[in-house]
Structures are given as C-alpha cells and as structure tokens.
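So that you can tell them apart, the chains are marked A, B, C, D and E in the order they are listed, and the count of residues begins at 1 in each.
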Amino acid sequence: SSSNKKDSGNGPIKIAVAFPMTGDNAEYGKSFLLAAQIKVDEWNANGGVLGRNIELVNYDDKNSGEEAASIAQKIVSNPEIIGVLGHFSSGVSMVAAPTYEENKVIEISNTASHPDYSSIGKYIFRNNSVISSEFKVIEDIITNDLSLTKVGIVAIKTDWGTTAGAIAADMIKNNPGLELVAQEEVLEGSDDYSLAIAKLQEAGAEVVISVGMYSLIAPLAKQYKAVDPDIQVIGLSNAYAQQLIELGGEAVEGIIFPVSFYADSDEEAVKQFVTAYVEEFGSEPSALAAQAYDSIGILLEAVKQNGSLDKETLRDTLNSITYQGITGETKFDEIGDATKEYTKLIVKDGKFVRYNGKAAQ
Amino acid sequence: MILQQIFNGLSLGMAYALIAVGYSLVFGILRLVNFSHGAVYAFGAHAVIFFIGYHFGLIPAILLGVLLTGALGVLIDRVALYPLRKKKSPGISSLITTIGISYIIQNLLMMGFGSEKKPFPKLFDNRIVHILGARISTMQIIMFVTSVILLAILTFLIKGTKIGLAMRAVEQNEKNAGLMGINTNFIIAFTFFLGGISAAIASVLISGYYEILYPTMGFMVGLKAFAAAVLGGIGVLHGAIVGGLVIGVSEGLAATWFGSQYRDSVAFIILIIVLIVRPAGLFGRKGIEKV
Amino acid sequence: MAYLEVNKISIRFGGLTAIDKFDFKVEKGQIVSIIGPNGAGKTTVFNILSGIYRAAEGEITFDGRNLKDKSPQEIVSLGMARTFQNIRLFYDMRVIENVLIGTHIRTGYRFLDGLFRTKRFHLEEGEKIRYAADLLKTVGLEKRIHDYADNLPYGEQRKLEIARAIATGARLLLLDEPAAGMNPQESEELRQFILQLKNQGYTILLIEHDMNVVMNLSDYIYVLDYGKKIAEGKPQEILENQQVVAAYLGEGEVE
Amino acid sequence: MEKIRTGINRLTEGFSYLETNVYKYRIILYAGGLSLSMLLPVFGFSQYMTRIFIMIGIYTMLALGLNILTGYTGLVSLGHGGFFAIGAYTTAILMLRFQMNFLIAVMIAMVFTGICGLLLGLPTLRLTGTYLSIVTLGFGEIVRMVIMNFDTVTNGTLGIRNIPRPSFFGFELTLANHGLFYLMLVLLILVTYVCIGIQNSNMGRTLRAIKADELAAVMMGIRSSRYKVGAFVVSAVLTGLAGGYYASLVSYIDHNSFTFDVSIMILSIVILGGMGTIRGMFLGAAILVAFPEVARPLMEWRFVVYGLVLILMMRFKPQGLLGWRSRLPYKIPVLKRSQTYREEKEANRRGR
Amino acid sequence: MSLLKVENLYTNYGRITALKGINLELQEGEIISLIGANGAGKSTLLASITGTVPVAKGKIIFDKKDITHHRPNDIVKLGISLSMEGRGVFPRLTVEENLLLGAYTRKNKSEITTTISEMYEMFPRLAQRRKQLAGTMSGGEQQMLAIARALMSKPRLLLLDEPSLGLAPNLVKIIFDMIKDINRKGISILLIEQNANMAMRISNRSYVLENGQVKLHGHSKELMNNKEVRKAYLGEIIDPAVSKKVIQSLASSNL
C-alpha cells in the first residue's frame, strides 16, 4: 500500500545501515557504518542528492536472524528510508530480504555470499565478489604463478564457507593439473586447527586454500607453519584486512590472495577514502569496508540518475548503471550480483604488495 | 597419523583441563554452575593485554592481570551471588545470575577492546619435540606441566589444609560451617579468588599458545571445559583434568575418522555416553543419602 | 503363615555387617516393635522392607507374596507403606496435596482424562480429594488442609506423614521413630492414635526409643544389637531380659 | 537498591493480593484479556509490533513447554533450543519437500520431537542435577551439529529457506492479514490449556512431588522414571509445536537460529517468571522478548543492561516475579447431602 | 556473675514473629533448661544467640559484650558452641573431619588431638567409625557426633538443642550424666529438652517458653512441683479429655 506514497519532500533522504554493532561481529558492523558514512559525507559536501541531504539510520541486528527480521519490519514501516545496506551474514540477510522485497525497499549487502541470496527478489542486490570468479584467479595463482599441484582446502563451517569450499573443490577437480588431497571444514569458536592441519599435512598438501576471513587464515597459517614451514597459503579477498598482518605476524608472510580493492593503490579515489577511514578508525579499511563504501555510492548514483525516489524506477536504474568505484567497475546482473575485477596481493615484509607471479618476485 | 592426532587431542584437552579445574573448584565448593567462568577467562587475557599496553613488561603484566582477575571473581561473588546466598534462593537463580554476569563482562570487553581477534604475545619460544614420531611443542608441554602443578596445589589446598577442610564444610552446609567458627564469607570469596586466578592462568597460557585473544574466546572452550568438569565428576579436581583430556583426545580421533566438523558433536556424545554409564562422572561419587 | 515374614536377612556396607541373619514376623492386626541401640540396624531393616536396599541374603514374604526383586513401587501397591526417621514431606505442597500424592497408586484415570477433563477425571479426582479431607480430619489436621506442609509444627508433620502413608491404601505401616522430638503429652496422644489405627485393622511395625510408647503399645518386641537379634518377646519379657537391659535400656528406672 | 527491592516486592505482593481477591472475577478477566489480545491487530499496530507480539507468544509457548520439565519436575534443561530446532526443521522439511499442509506437518513434527524427548529422557533417567543439565546442553549442541553436517536433509549451514506460510483452504496466513497473529493466539491458548490440564491433574501433582523429594515420592508408589520421561516427552512436544510455528513464521531457518543463547533465553523466562507457574511464563516472555526492542536506543550498552536486568531480577525476586505460593484455599469439590457436607455445616454453625 | 543475658529479644521469620520479648539470664557455671511445646521458639532463641537468624529487636550480652548482631563465626570464637537440632553434621565428611571442624577456632594441634581422643573415649562408637562418612551414620550415631563436635571447641557456654533426640534409653542416661560432668568442669550449659523431666532434674533453673515468650521461670525444683508445668510438660497427668477426643474422632471416621 505504501509503494506509491510520496515522500513528504524536503527532509533528508534516509538510508538504513543494518549490521551487527554488538556481539561477535561488531567490528565489521562498525567499520561498514564508518565506510558508508564517509561516502555519505562526500555526497552531502557536494549538496546531497536531488537537492536533499542524505542521512544514515543505524540498526544493530547482532547478526541474529530474529533481530534482523524485526529490524526489517521496522525499516519498511519508515517511508523515508529508500534502501538498506546490510546485513552481514547470508543467513541473516536472507531472513530479512523477503520483507524488503515485499515492501519494495532496496537491499544491498556488501558481504552476503549465499548463492541464492540475490535471487530472493528484484530489490535484493549484492555488492560482494562472486566466489567462482575469485577462484578463477586463485586457480591461475596455483597453476601458473606457483606451479603447484597438491591442493588442500580448509573452509570455515558457515553458510559462506561451505559454499565457497564446495566451489573451490569443484575448481580443483575440473582442472586436470591440480589434485585435491584433502578438504577440511573447521568450526567457528575454536582457535585450534591442529587436527585439520595434521590431516592436510598427512595428505601431502603443498598449497592450502583458506576459505575464511583473516581470523581464520592468520592462526591457521601460524599453526601450519609451525609443523610445515614451506606450506603455501592462499586466501580469498575478504581476508584482506590490516588485522591479518597484526594477527599473523611472520606466519602470514607469502600469503597470496585476489582482491578487488587495494588500499595502497595509487588511485585518487582510493587514497581519499583510505585517508578518511584511517583517520577515524585507526587502521586501514578491509575489502568488505570498501564494498560498503561503494554500495552506498552506487545507490546514491542510481538515485541521482533516476531523478526521483520512485521505488520501481529506482530499482531499474540500479540494475542498469555501471559504477566506477574503489573496488573497480561494478555492474549488477539480472539477479543482482556484481561482477568484479581482481588484482593479486602478497604479504611481504609485513605489508600487502601487488603480486605478479613467482618469476617477477 | 593417529598418534599425532592423539597428541594434538591431548594438548587441546590440556586447554580444556586448565579451564575445567577452575570450573570444578567453584562448582565443588559452592555447588554453583558458574557460567561466568568463560567470560572471566576471557577477562584474564584482556587484563594482561591491557597492562602490557601500559608498558608493564610481560611478567608483571601477567601477574597483575591474574590478580585482577582473581579480584573480579571476588567482586562477582560479593555483588551478585552473596545476596542470593543470604536469601537462600534456589541454585537455579544463581545460574541465571552468572549468565547475566557473563553477558556483562563479555559486552564490556567488546566495548573496551573491540570484538575482533587480536594478537597476544608469544610467551615462550615454541620448539617442536618429537616423541614416538609425533610432534609436540614445548608450549604444549608447559601447558601440561602447569595444569598438573595447578591441580597438585589446589588438591593439596583442599584435601590437606585447614582452609580446605573449611571449604568442604561450607560446601555441605554453609550455616553449620558458620557455627563451627568458620568465616564463611571469607572462604567463599577465597574460592572465587582461586577460581578467577585459575581462569586467568589458563587464559594466559592458552592465549600465549595460540597468540590470539578476543572477548568471546571463552564461550565454546568454556562449555567444553564445563563438560570436562562434569565428565570427570563434579568437584573432583583430577577428574576435571582427565575429563579435559578425554574430550580433547576424542575430538582428535573424531577429526581423523570423520572430519574436523564433527569435533564438537563427538565431545558431547562422549560426555553423554560416559554419564549414562557412570551417572556421577568418571571419578564422582554418587551423593549418599541416608534415609 | 504370618502377614509379614522375614527370614534371615543380611546386608553389608563395605566391611560392616549392618544386619546379620535377622528374622522376625508380624501377625495381621498386631503392633510389633523393633528396638535396639543406636546404629543397631533398625532403620536399615525398614529400608530393606520398603525396597530401598536389597538384602544380600534372606527372604521376605508379605501377605503371601515374596518381596524378592520387587521395586519400592510394587511393594507399596502390595499394601506396605512407611514413614521416615527424618521427616520427608513434600514441603512445597499443601497438606492435602501431600495426602493426595499418597493416593497416587489408586488413581485410575489416565493422562488424557486429565487433559480433557473427562467425567471419569472429575468423579475420581473429587472422590480422592474428599477422601483426603476426611482422612486429615480423622488425624486431627482438618484446620491445616490448605496450609503448606513446611508451615506445620513438628508434631503435626509427623501426623501428616502417617496420614500420607495411610492414603496409599497400605494395611501394614512401618513407622520409624514417630515419637522422636515429641514431649510426653504429645507422645501420649500419638500412642492413642496408633492404638486407634490398630483397632481399625492396621498392622503396625514400629521403631521407637520412647519406652513409654513401645511398652504400652507393642504386642511383641524384637531387639536388635549390631545387626543381630538379641531378644524377642512380650513387653514384660523384654523389660526383664538382662541382655536387653545391659545393651539398651540401661540400669536404673525406666522413664 | 532498597527502593528497587521494595518496589518489586510491593508490585508482586500486589499481584498476589489481586489473586486472592479477584479470583471470583477470573472468568471475566480471562475473557477480557483474551478479547483484548484478539483485538490487538485492530488497533492498527505496525507489522513490526505484531511481530514482537508474535515472538512473545512463541517464547511463552517455549517457556510453558520447558516449565513442565524444569518448573514442575525440577529437571533443568539447558538444551531446549534443540527441541525447538527439531520442531522447526521437521515442519520446514515436511512442508517444503512433501508439500504438506502446515497443520499436518506440525503434528508430525510434534510427534517426532516427542520421540526425541523420549530418546533423551530414557537414558538420562539416572542423572540428576548438574549432570542432567550438562547432558541437555550437549544435546542442544549435538542437534546443531547434526543440522550443520547432515546436509542432504537439513541443507547444512545454508539453512532452509522459502518455508511456506501456513495456509488453510487456499487462504495464506501472513503478518499483513494478521493470520499469523491469530494462529499464534490459537496455538498459545491450546498450549496453555494443556498446561493447566497437567497442572491440575494427577500428573502435575506427581511431578511436583518428584521435584520436592523423589525418594519420598517413590515410597508413595510413584514410578518416578515414567513420570520424568513423560515430562520430557510432553515438554518436547510443546516445544516442537512452537518450533514448527516459528519455522513457518520466519520462513528461513538455519543452525544459528537455535543456539545455546536460545536455550538460555527459554530457561531465563521460566525462572524470571516464576518456576512452576503458568502466569509467570507470559510475563517472563513479555519482559525478556520486549527488552531488547525497547532497549534499542541503548546501542552497545543493550546487552550489558540485559545482563543487569537478569541479575537484579534474580537478586530481588529469586523465586521469580510471579512465583508466589497461591493463598487461595484448595478447591474441594462438595457433594450435596453427603455426610461430610452436613458435618461441615454443623461445625460452621457451632463456630470453630 | 551473669555470663549470658538476653534482653527483650524479638526475632522474625518473614511475617511470623517467633520470639516476642524474651528475657533470660544465665550465671557462669549454671545449667539452665528451656522447655516448651513444639514451635514455642526454643530453637529460634538459640539461633538468635548464635547469630544464624537476624535479631529484630533487643539485646544479647555474652560476658559483658554485646553480641547481638555479630556473625556466627565471631560468636563461636568468643566461646559459645551449639549442638544443633537435627544434628547438622557434614554428611560427606568423615567423623574425624567433623570433629576437627568443631575445633576450627582452636590453634594448638596437639591439644586438639587430645580432645579428639577424649571424645572417642566418651563415645566409643565414634572411635570405631572415624573414617565413616557422617551422612551414612544412623540417627543416634549422628546425634553423638553432633554433641562431641560441639564440645571440641572447648566452649565456655554450651548450647544443647534436644541432645537426647533419637538416642537409645541407656544412652540418654549417659548423655545426661555427661552433661552434669561437663558442667562440673566449669562449662555453663543452656539445655533444650523435650524430655523435660530429665532436663529439669539436672538443671539449676528452668525457663518455660510458650508462643515465643517466657511464661514461667525459676529454680527447677520449684517448677517441677508447679501443677501446670507437671500437667503440660512432664506428662504425668494426661488429660483424659484429650485422648478421648482423639479416640472419638477416629472411631467416627470411615477409614
């Protein structure tokens, strides 16, 4: 009933930000909120959009489906809100998504990675890398750059980890040059990976793909290197975070992974964002934070190009634009997934640097 | 492989055992399931990091952190549990109270330190020793030795000293213990102090081993340690250690045979099976009831 | 055959032989007492009879049936109920509810009857409640029906415990030191009460240290010491038995 | 502190005073309360509010279920989230894979949860106190692990989504048409009815006796094992029902919907409301479910305050907010013209 | 010189006022007995003196020191020791550990060992069972342990709450002799007994409690001749009306 309700006019345009702000994953929520705020501040400094100021409304979903569901109800009952940046995990996003879809409120998640997430509805978008394309890069690293064959996988047992782990396994199985020697899933809530490591090592893995965030890859690398100093660890783009080096220390030296965002890039836009972010947060932004920043950017760009807040046309505009952001060029496909471009990074001397293959090092 | 996994399981179990001893202690003396123990454990590591941040140096920081955690134990008792005891309220309300406490500690830690995983300094140079073809790190050995020493000290304290006798008397009947001339408030505070200290020692060692700390680090480990304490028999300290090792080893074997993702379930399945066979745990004695 | 016949039962706790080949019998309608020094094993006999402990050897026949391997519940339903040396009421429940629990084994309606409030439920429940109220009246607790058990003074708690045992429909009552903690007047009232139970056809097996009660009530007395029977007989015979006087009654006048 | 204490005390004393004095009007009160809740949606609450009311209803059902086990029988379960999950998953799978109607699916789920209750209850009969609690805790975790690892049935960590809403004769119940709300109300009334039935019959009395003193109960001829297992089963069945409804309400479930925190929440409600009471479950659920919503403005302090609330409530009202002993006289049915009836009259006339 | 003085003492349990203005005095070296029906408040008085229940109003003075709101452990240190009603032994500790706890306030280890052997001499049964868990002892054995434990602290004032409860008749005599012995060694005693006859016989003075108040007090010899006391507490004259009433109510019931 409210889809055609005209917004009352001159007040600020509101965008909801719904992430865990308390609990285990609060660090992510806080950093995404900050990244989003930086983008909004940029726009507001340039006169806002459609002549109106932009305002973020912050919700804490504690990364719980139940909380998210009730927040979603709260968000859709506020007609001033045009879209939502959130939620954090796929599971939570998918509990909330139907409510947004029913009420024609745009949801963009910068983190959700469940394959089915964006197909929940037409108003549901994802500005996160699609895992299969990331694995193409990883395949390239292993076969061409490193020339290794025996691959092991350690995946975190979450919706995301399970899916990504399966895709990684497929990738290896379909490549006759690679051999999947072992695949282990590890549970959240324990920092001891020795059991999984022993199995991978026994199986003779030369390279291990760690399907998890920095909080998995850093201790994993540490514990693995203690028993096998020569192991090559490969990560995924969302492990790209300053904490990886803080936490992993020497053990993460030589870890390689694909990214669509690189904080030390020379691009002006990236520099500008990184400076603003570091000033506020004290550490460098992660890839996911950069995607949060870009997500707001795309949404505002779509509003601007659409020229009105009409929900249906706004959605169509969002689906058609191509956005140049700090995570590269972003364009949503039919179901609402973004395609991305990747560069490779390696940890060297406690820093992330671009990786150009073994020969080039 | 199996042997290696058993050793891995043993060192994992050592971590559970370390925490379980503190659980079992408070549990044994106060008949209280202290759900805040996991949070107190996390507090210990954070306290140490805090003092390190203020340039106290590693050893003084650890000492201060451990003492502060002991004090936290006493504070918890004074503020939240003592009033309940005074009212002779049912044990279950203390359980809910300790859950409330763990919410508070955990969230305050998050607010103060952030929820992310942070590095904890390495305590010892970690060397690998080969025993029977399996690798063991020096740190694992240190953890083992520490738990045994901790166990020995606590066991002597409880079984062999006057204060230990008083602790056992308080456990059985607080009012009558007072009538023996025992300062029950002091005894209970002392027990909580010991509980806090042992939690902190455990968390320093374990954090030092994995070189990692974060506010929710005590949750899953805490549950497992609780399971270990019960598995060994409530209040039986050496039982807590054996319980921890049993759970650790069964996780190791489970990971080998079924995969790492079955670790946790196997730990609890073992627990259930053992309790069905021995309803009072491995070393627990069935409560006597003279009719 | 006697109503209750106990044949050479023994039980050991670790190294201690708490009951050593004890045998005794109780005729229907009698009051029989077991006396003996502290720790002689009297309560243990009750625990064996009621199925809490299992005798290592020996046989028990009650009302023509062998009690071997019978569970406490089965024993109750055969018609034997007990009280405890340390009173064990359901303190968080009302007086009348305590008695209603006693009627439990005579409940015929099913779980679903209770859920759907069938006629059977109403009839039976009503009957039970009235029975309980009547019973309480006869033991002199009618003013306490609605009270909670822990608010009762000691003497009334004792009475309630007996009423609860009666409510099971038992015909043999095992009473473990019912007069303990009562003053002479109260124990005299209790004596009258037990006598009355006898007159109504109840059979009573009694443990008691109050000689005033024991000697004036018992038809027959067994004396235990260190788990062994050292004497048996009518009250007068027991009073004159030198062994009993030495081990139990003590020299001098009897209170 | 002192003020809070006297405040809370006065409040609950007030309630218990009301109980004694308003008893006569209870039918009117119940009817009033019921019609008020039936009218709730008509007051035009947002879907957000409706959702909160529904969640309160669900948690009331869960607490009523656990209350049978913990409140009456004295067996503390730290793993009721497991039964909740089993109910939800069974319902979801039956509805999705076999296109079953909600009602049939839920009923099968209840039976299945009941069987699980039996399977947990039987082997743990010999356990008491903390030993039992830790086993239930383990059970809850094992259920979660099974959900995570038994991919073919449970879809693993990906969870189950697109669970259909209940529909009857082609009419789909949603939040918007208040159908879900009324369905919750019907189920809640049903569960409450069952609990009252148990409480006021031999079963409830027996369970309470077992809680008070199991040995004494056994000596009264009670087969305590049967009743304890029975309590497990009934409790599981009711929890399974709540789970089934929950699955259909949120339409997406995964292993994270049924964590240890959920089990703790249910237990907290039971204890906060007042163990062994029915009224307490309603109040407890209302407070603990509504609190995080009301406290949203507190932001990160929210869960610190939540912890404080638990502690303070326990400190000042350890027996639960509505956990007083009834002061009403026990209801004794009277048969007219019976002997006892006449006697009583006579006694009254003489003036006791 | 008065060792213990209780002035206008009030104690409540929630809404119930159990003590309503008790006045009592005990001279150094005296035995005082406290008698009264169940629920009169005798145990509550001892609990108030030892600080285990909070006093609402009034004063308790021990050896010129106001101990009214002191904690139990401090009171024990001053030299008051209680053998409590219901024994209160620590069930999962051994007999010997229980005794050691009784001497918790004493420092000298060899003296404690001597006292323990004295206790074993007095109660040989305890010596036989020094390693047995107290909870598995029989009722009477536990009672002996409770008394022995109370003596372990070498108190100046010994409070005994129904020490003869559950004891065999010969032991009752021994216990009363023992009380006199202890007293001769200079320990003052406050004795609660249902067995008022015995209690009054060995005590210097007696207090009769009723409904939380002192109804009568005076020299025991005089009180024993008081008609009312004899009737109500010594059980000599049993009110025939009472027993008749009981019998009648039972006869009319249809059990």
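Everything below uses one rule, namely that contacts are C-beta pairs under 8 Å (C-beta built on N, C-alpha and C of every residue); 3 or more make two chains touch, one makes a residue touch a chain.
Just so we're on the same page, UniProt names per chain: B, D = Branched-chain amino acid ABC transporter permease; C, E = ABC transporter ATP-binding protein.
Small disclaimer: the values here were computed from a predicted structure and weren't measured.
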In terms of CA centroids, furthest away from chain E sits chain A
Per Cα centroids, the chain farthest from chain B:
C
Between the pairs B-C and C-D, the one where more C-beta pairs touch
C-D
Taking each chain's centre as the mean position of its Cα atoms, how many Å separate chain A from chain B?
37
Cα-centroid distance, chain D relative to chain E, in whole angstrom
48
Whole-Å gap separating chain A and chain D, where each centre is the average of the chain's CA atoms
40
What is the distance, in whole Å, between the centres of chain C and chain E, each centre taken as the mean of its C-alpha atoms?
28
Which residues does chain D have that touch at least 2 chains other than itself?
148, 215, 300, 303
Which residues does chain B have that touch at least 2 chains other than itself?
107, 110, 261, 264, 287, 289, 291
Touching two or more other chains - residues of chain C
43, 52, 84-85, 134
According to the definition already given, which pairs of chains are in contact?
A-B, A-D, B-C, B-D, B-E, C-D, C-E
Which positions of chain C touch chain D when the two form their complex?
50, 52, 72-73, 76-77, 81-82, 84, 88-94, 96-97, 100-102, 104-105, 107, 109, 111, 113-117, 121-122, 125-126, 129-130, 133-134, 143, 145-146, 148, 164, 168
Can you check the complex and tell me which residues of chain A touch chain B?
22-27, 157, 184-187, 189-196, 198-199, 202, 214-215, 218-219, 222-223, 226-227, 243, 246-247, 249
Once bound in the complex, which stretches of chain E touch chain C?
35, 37-39, 86, 125, 136-141, 143-144, 162, 165-174, 194-198, 232-236, 238-239, 242-243, 246-247, 249-255
Which residues of chain C touch chain B in their complex?
43, 47, 52, 84-85
Over in the complex, which chain B residues touch chain C? Could you list them?
291
